[in-house]
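There are two complexes below, and they share subunit A, which is joined by subunit B in the first and by subunit C in the second.
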Partner chain A sequence: MTTQAFLQVLASGILIGLIYALIAVGLSLIFGLMDVVNFAHGEFLMLAMYAMFGLVFVTAIDPVLLMPIVVGVMFVVGVAAYAGVIRFAMRAKANPGMVQIFATFGLALVIQGLAQYFFTPDYRNIGNSWLGGKTLNLGGVYLPWPQIYGGVISLLAFGGLYLLITRTDFGKALEATREDQGAVALVGIDRNRVFALGWGLGAALVGLSGAVLAVFYYIYPQVGGPFALIAYVTVALGGFGSIFGALVAGLIVGVVEALTALILPPALKSVGVYSLYLAVLFVRPSGLFGRL
Partner chain B sequence: MNRREVLLAGAAMSLASTSLASTRAFAQAGAEIPIGVIWPLSGPSAQIGVDAKHALETAAEIVNGSFDIDVPTAKNAGLAGLGNAKIKLIFADHQGDPQKGRAEAERLITQDKVVALVGAFHSSVSATVSASCERYAIPYLAADSSSPSLHRRNLKFFFRAAAHDEIFSQGMFDFLDAQKKAGKKIETIGLFYEDTIFGTDSSNVQRKLAQDRGYKVVADIKYRSNSPSLTSEVQQIKSADPDVLMPSSYTTDSILLMKTMDELGYKPKNLVAQAAGFADKATFDAVGDKLTGLISRASFSIDMAAKRPSVAKVNEMFKARANRDLNDNTSRQLTSILVLADAIDRAKSTDGEKIRAALAATDTPGEKTIMPWKRIKFGEDGQNVDADPVLIQYIGGKFVTVYPENVAVAAAKWPMNG
Partner chain C sequence: MSEIAVAAPNNSFVASRRRQLVIALIVFAAIALIPRAVSDVYTMNVLILTLLFAALSQSWNILGGYCGQVSLGHALYFGIGAYATSILFVKFGIVAWGGMLAGGVLSALVALALGYPCFRLKGHYFSIATIVIAEIGLLLVHNWDYGGAALGIQWPFNPDSWWTLQFARDKVPYFYFVLGLFAVTWLVTYAIVESRWGYWWRAVKDDPDAAESLGVTVFNSKMGAAAISAFFTAIGGGFYAAFVSYIDPESVMHFRFSLLMALPAVLGGVGSLWGPAVGALILIPMAELTRSYLGGTGSGLDLVIYGLLVMVVSLTQPEGIMGIFKRSAKKADAKVEA
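Moving on to the complex of A and B:
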C-alpha cells in the first residue's frame, strides 16, 4: 500500500469522524442532562435530512444557506418530543428507565413509519449545490468539499457548544440541572424548561449534522439507522454525557473504521470499532472522558 | 300503505339486499385463490417492495381481467381452469430479514391458506421462505432472487423462471471475451460485492469465471452493506484500477459507491454490474450523470417493445400504476405471477402438489412472455435453463440492449470512460 493511499484513508476517516462526533454529541448531551438514551436519535437525523431536502426542493436555495432553518426546525422537533412524549415517560412511578427506553423507541418507530408513509421509501438526493461533487486535490489525496465543510461545521459547533455551556446562564443552568435535578428547583431554575431546551439543543445539533450530511448522502426513511448505531458506540466510547468525549470518540471511530477496512476485509470494518469499544469498556467502563 | 308498513317494507328490503350482497361477496371470496407474495415493503429496500407491489398488482389485473395481450391467462377473465376464479394477492413484508421472511411465510401458509408463495428480492430471504414452503408442500416461485445456490438444495417445490447469477455472469464474461476478441484491452477485473448471499454468491461465480477465462482479479472487495462510508473500499479499487469493475450491490451502496468514486477522483474504466441497485431508478436519479456507459445484466429491456407488442401494452399498464417503466426487477416480478397463474389454471386445482406438477410441466415459448427468454421450462431442480440474459448499457439517460448480438440495438461503448 502506498503512503498516499494510507493518507487518503486517514483523511477520509478524520472527515467522517468529525461528522460522527457531531451526530453523537446531541445524544450525549441529552443523556448527560437527564439520563435518557434517545433511541429516536437516528430518526431525528433522518428528519433533518428530509427537512433539508424539502427546503432545497421548494426554495431552490443552496443547502449551505438553508442550514440555520433546518437547525431551527429540529430545535422545535426536539422541544416537541420532550413536551409530547418524554415529559410523560419521566413521570413513570415504576421502572422509569425502561419506560423511557420504550417511549423513545416507540417514538422512533412512529417517526419512521410516518416518514415511509408520507415521504415514500424512495431514495432522495440533493442534486445540485455549491459544494456537491466538488473535491479538493491535495497532492493525490482527495478531500470532498461537502465533507470538509461538514468537518468545519462540526468543529465550529463543538466550539460554540463549549462556549454556550461554560459562558452563559443557560449553560450554567444546564450543568446545574445535570448535577442535581432536585436542588436546582430550590434556586429558581425550572427543571422542565431546562430539559425541554436540552432536548431542543440536542435535536438541533443532530439537525446540524443532518443538514451537512444531506449535501452528500442519499436520504431515505431508514437512513438514520447505521449512523445512530455508530453514535451510540461513540457516546459510550467517549463517556456518557461528555461533550469533549464525543468529539474525540467520533474521530477515533472514524479513523479506526477506515483503517480496519484497509487492513481487514472491508465487510469486517465494524470489528475494529467494536473491539476498541470493548477494550475501553474493560479498562475504563465509564468511557474515555465519562464521569459516571 | 301506512307509515308503519312503509317502514317495515323498507326494513325488509334493506335486510334482503344486505343478505343478498353478503352471499354474493361470499361467493366471490370463495372463488378467490389466495397467493402469498413476500417482498421488502419497509426497511432499506422498501422501494423495491413498493415497485414490486405495482408489478404484482399489474400481473393480477392481467390474470383477473380480460385483455388482448399475448401472455398466458390474459385473454379470459380469471382462471378458466377453475371456473374463472380470480387470484388474490396477499402481501407480506420481510424487511430484508431472512428470519422475518420465514415467520411471514409460515403465517401466510397456515393462517391465510395461500396456495403458493412468490418472492422475495433478497436471495437470503428466498432461501428461508422456500425452505418453509417445502415443509408445507406449497410451491415457491423465486421471482427476482438470483443466487445460484437457491436451486441447488434439492427442493421439490422451488421454481425460478428467471436466470440466476451464474447465467448472468456467464453472459457478462461472454461479452468480455467478445470485446477482447475485437481488440479491446481487458486483462484485469475488480470484484466489489456486498456481504450477504447475493453478493458473495455472485462474486464466487465471477471469481471462478475470471480464472477459467484468463482474467486477473486485482481487487476482491467484500464490503458491509449499508455502510455510512465506502472511502477505504473505493481507495482499494482505485489503487488496483481494474479494466473492468464488477459490482454486486443493492441500491443504497450503489449510490454511495458512485458518489465516493467521484469524490476520490476515480473514474472506473468500465462498469459491468450484477443489476440489483444498478437497475433501480433511484440510483439513476441520484448518480445517473456518473453512470453513463454503465453496462448491467438484465432479464428485460424496454426497447424490446418495438419487436413485441405485448411488452409495450404490459409496460403501459404498469406505468399507469407505478409512474415508471418496467425494469429488470419489476418485469421478473410481474412474469412470476403470470407463470404461477398459468400453472394453477392448468392444474385446475389449488392443491399444492397439483400446482407443483403443473409448474413442472410448464412449457411456454418466449414470445408468449414479456422477457427476452427462449422459453420457460423448468429443469429437475426448478430452474428455467432457457432464461437468456441480455446486457444493457446506460447511454443518453436510458438503457439500450448491447448484447447478445441477435437482440442488440446498438454496439457497446467501450471503454465507458475513454
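Moving on to the complex of A and C:
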C-alpha cells in the first residue's frame, strides 16, 4: 500500500473519530455526573438529525447556519427527558440499574416510534448544502468538506466543554455534584437543577453531532442504533465519565475502524473496533481513563 | 423450647415451598388445557410466543435476576441454539431434539469461555461488553457462508411429526413443547434458588465483596449461572428455528432479542419465580396486538405504545409487577401480627 493511500485512510479515520468522540462525550458526561447510562442516546442523535432535516426543509437555510437552533432544541429535549423520565428513575428504591436501563430504553422506543409516525420509515437526506459533496484535495489525500467541518466543530466543542467545566460556576457545580451528591446541597447547589442542566448539556452535545452528521449521512428512524453502539464502546473504552477519555477513545475507534476496512471485508469493519475494545477492557476493566 | 423455636419456621418454610410447587403444577395443568378452547391459529401463535419468551426470560433471570449480572447479549446464545439446530437438521439430518441439546451444550461452553474474561467487569461495563460480544457474533454469522450468511437457512418441509419436530398446519404440538420448556426452566429455577447455589447467587448480587469474604466463590457462582442460563436460552433458540422453519442472522441474533429476553423478567419482577412469566404474559400479547392493529402500516404507533408501557411499568414498579403481590402479602402479614 502506498503512503498516500495509508494517509488517506488515517485522515478519514481521524475525521470520523472526532465525530464519534462528539457523539460519545454527552453520554460520558451524563454518566460521570449521575451514574446513568442513557439507552436512548442513539435516539437523541436521530432526533437531532431529523430536527436539522425538518428545519432545512421548511426554511431552506443552510445546515451550517441552522446548527445553533438544533443544539438549542436538543438542550430542551435533554432537560425534558430528565424532568419527565430520569428524575423518576433515580428515585427507584429497588433495582435502580435495571430501572434506568429499561426506562431509557422505553424512551428510545417512544422516540423511534414518533419519528416513524411523523417522518415515515423512509431514508432522507439533505440534498443541497454549501458543503455537501465537496472535497478538499490535500496533496492527493481527498477529504470531504462535511467531515472536515464535523471534525473542526468537534474539536471546538471539546475546547468549549473544557472551558465550561474548568472556568465557570456551572462547571464547578457540575464537578462538585459528581464528587458528592449529598454535600453539594449543604453549600446551596440544587442537585436536581444541576442534573437537569447536565442532561441538557449532554443532549446538546449529541445534538451538535447530529446537526453535523445530517449534512452527509442518511436520516431514518433507526439511524441511532449503530452510532449508539459505537458511542457505548467509545465511552467504555475511554472510561465512563471521562471527557478526555471520550476524545481519545473516539479517535482510536475511528482510526481502527478505517484500518480494519483495509484488511477485512467492509461488512466486518466494526469487528476490529469491538475486538480492540474487549481486549482493552480485559486488561483495564474500567477503560483507559476511567475511575471505578 | 429452643427446638420448637427453630423447628417452627423451618416447617412453615417447607410448607410454603411445597405450596409453591403445587400451585405451579396446577398452573401448568391449566395452561395445558388452553388448546382445547382455542382453535384460532393467530391466537395460538401468540400463546406459543408468550410461553417461549416466558421460558427465555426465566433462563435470563437465572443470570440477570438471581445472580445480578445484567446480560444484554443473550441473543448470542439464542442464535447459537437456532443455528446449531438448523445446521444439524438441514445439513446432517439430525432431528431438532439432538440439535437443541447440542446447541444448548455448545452455548453453555461459549458462556463459560466468555464468562472467564467478562465476569471481571462490573455494572455497566459488564452489560456493554455483553452487547458488544453478541454484536460481534451477529457480524460473524452475517459473513459466514457455510451458515447461509445474510440469506440464512430454510428448513425443508416434511410431514408433521414429533420426531422431526415439524408441524406445518397444526401448531398445537409446538404449544405443548414450549409449555414443557417453560415448566422445565421454572422447575430448575425453583430447585436451584433454595439450594446452596441460589444463596450464593443472591449473595453475589447483593454484595460481591462481602460474599467473597464469607467464602462464596463469586467467580464460580457467576460461571454456573451463566452456563445454565445459556443452555436453556439456546434450547429456546433451537425451538424457535423449528417453529418458524427459517432463520437468518437478523431474525435470531439481533440486539432486540437480547432486550426481549430481559424485559419480561424486569417488568414482571427480577429474581422472582413468576416474574418472567407475568412479564411475558403482558408484553408479548401487547406487542403482537399493537403490531397487528397499529403497526401494520409501519406507522410506528405500536412502538410508541410499547415504549410507553415499558417506561411506565419500570418507573412505577421498580420491583416489577410481582412486587405488588409481595407488598400486599407483607401488608397482610403485618395485619395478622397486629
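Points to keep in mind about this one:
Heads up, the rule we're going with is that the second predicted complex is superposed on the first by the 292 of 292 C-alpha atoms of A that agree within 3 Å, B and C clash if a C-alpha of one lies under 4 Å from a C-alpha of the other, contacts with A are read in each partner's own complex, and residues count from 1 in each chain.
Here is the rule we go by: a residue touches a chain if its C-beta (ideal position, glycine included) is under 8 Å from a C-beta of that chain, and two chains touch if they have at least 3 such contacts.
In this text the structure is predicted, and so the values were computed from the model without any measurement.
After superposition on subunit A, the partners subunit B and subunit C collide with one another.
Of the two partner chains placed by superposition, only subunit B is touched by A:G13; subunit C is not. Once the two complexes are laid over each other on the shared chain, residue contacts for A:Y142 go to subunit B alone; subunit C is not touched.
Among subunit B and subunit C, the chain that touches a larger number of residues in subunit A is C. When the two complexes are overlaid on their common chain A, residue A:F282 makes contact with subunit C while staying clear of subunit B. Of the two partner chains, subunit B and subunit C are each touched by A:Q116. Within the superposed three-chain model, A:N125 lies in touch with subunit B and out of touch with subunit C [touch as defined at top].
In the superposed pair of complexes, A:I153 makes contact with neither subunit B nor subunit C. Touch criterion met: A:V233 reaches subunit C, while subunit B stays clear of it.
Once the two complexes are overlaid on the shared chain, A:L262 sits against subunit B while remaining clear of subunit C. In the superposition on chain A, A:A103 makes contact with subunit C only, while subunit B stays out of contact range.
Aligning on the C-alpha atoms of chain A brings subunit C into conflict with subunit B at a single listed stretch, 39-47, out of 3-11, 21-29, 39-47 or 111-119.
Judged by the document's definition of touching, subunit A residues 116, 120-121, 221, 225, 265, 267-268, 270 lie at the interface with subunit B and also at the interface with subunit C. Residue ranges on subunit A touching subunit B, taken from their complex, read 1-2, 5, 8-9, 12-13, 16, 20, 116, 120-123, 125, 133, 135, 137, 142, 144, 147, 216-218, 220-222, 225-227, 230, 257-259, 261-262, 265-270.
Those residues of subunit A that touch subunit C in the complex are listed here as 31, 37, 85, 88-89, 92-99, 101-103, 105-117, 120-121, 221, 225, 229, 232-233, 236, 240, 265, 267-268, 270-271, 274-275, 277-278, 281-282, 285-287, 292. Interface of subunit B with subunit A (complex): residues 42-44, 46-47, 49-50, 195, 221-224, 226-229, 231-233, 235-236, 238-239, 251-252, 255-256, 259, 262-265, 282-283, 285-287. Contact residues of subunit C toward subunit A in the complex are 70, 72, 117, 120-125, 127-129, 131-133, 135-136, 139-140, 142-143, 255, 259, 262-263, 266-267, 270, 298-312, 314-315, 318-319, 323.
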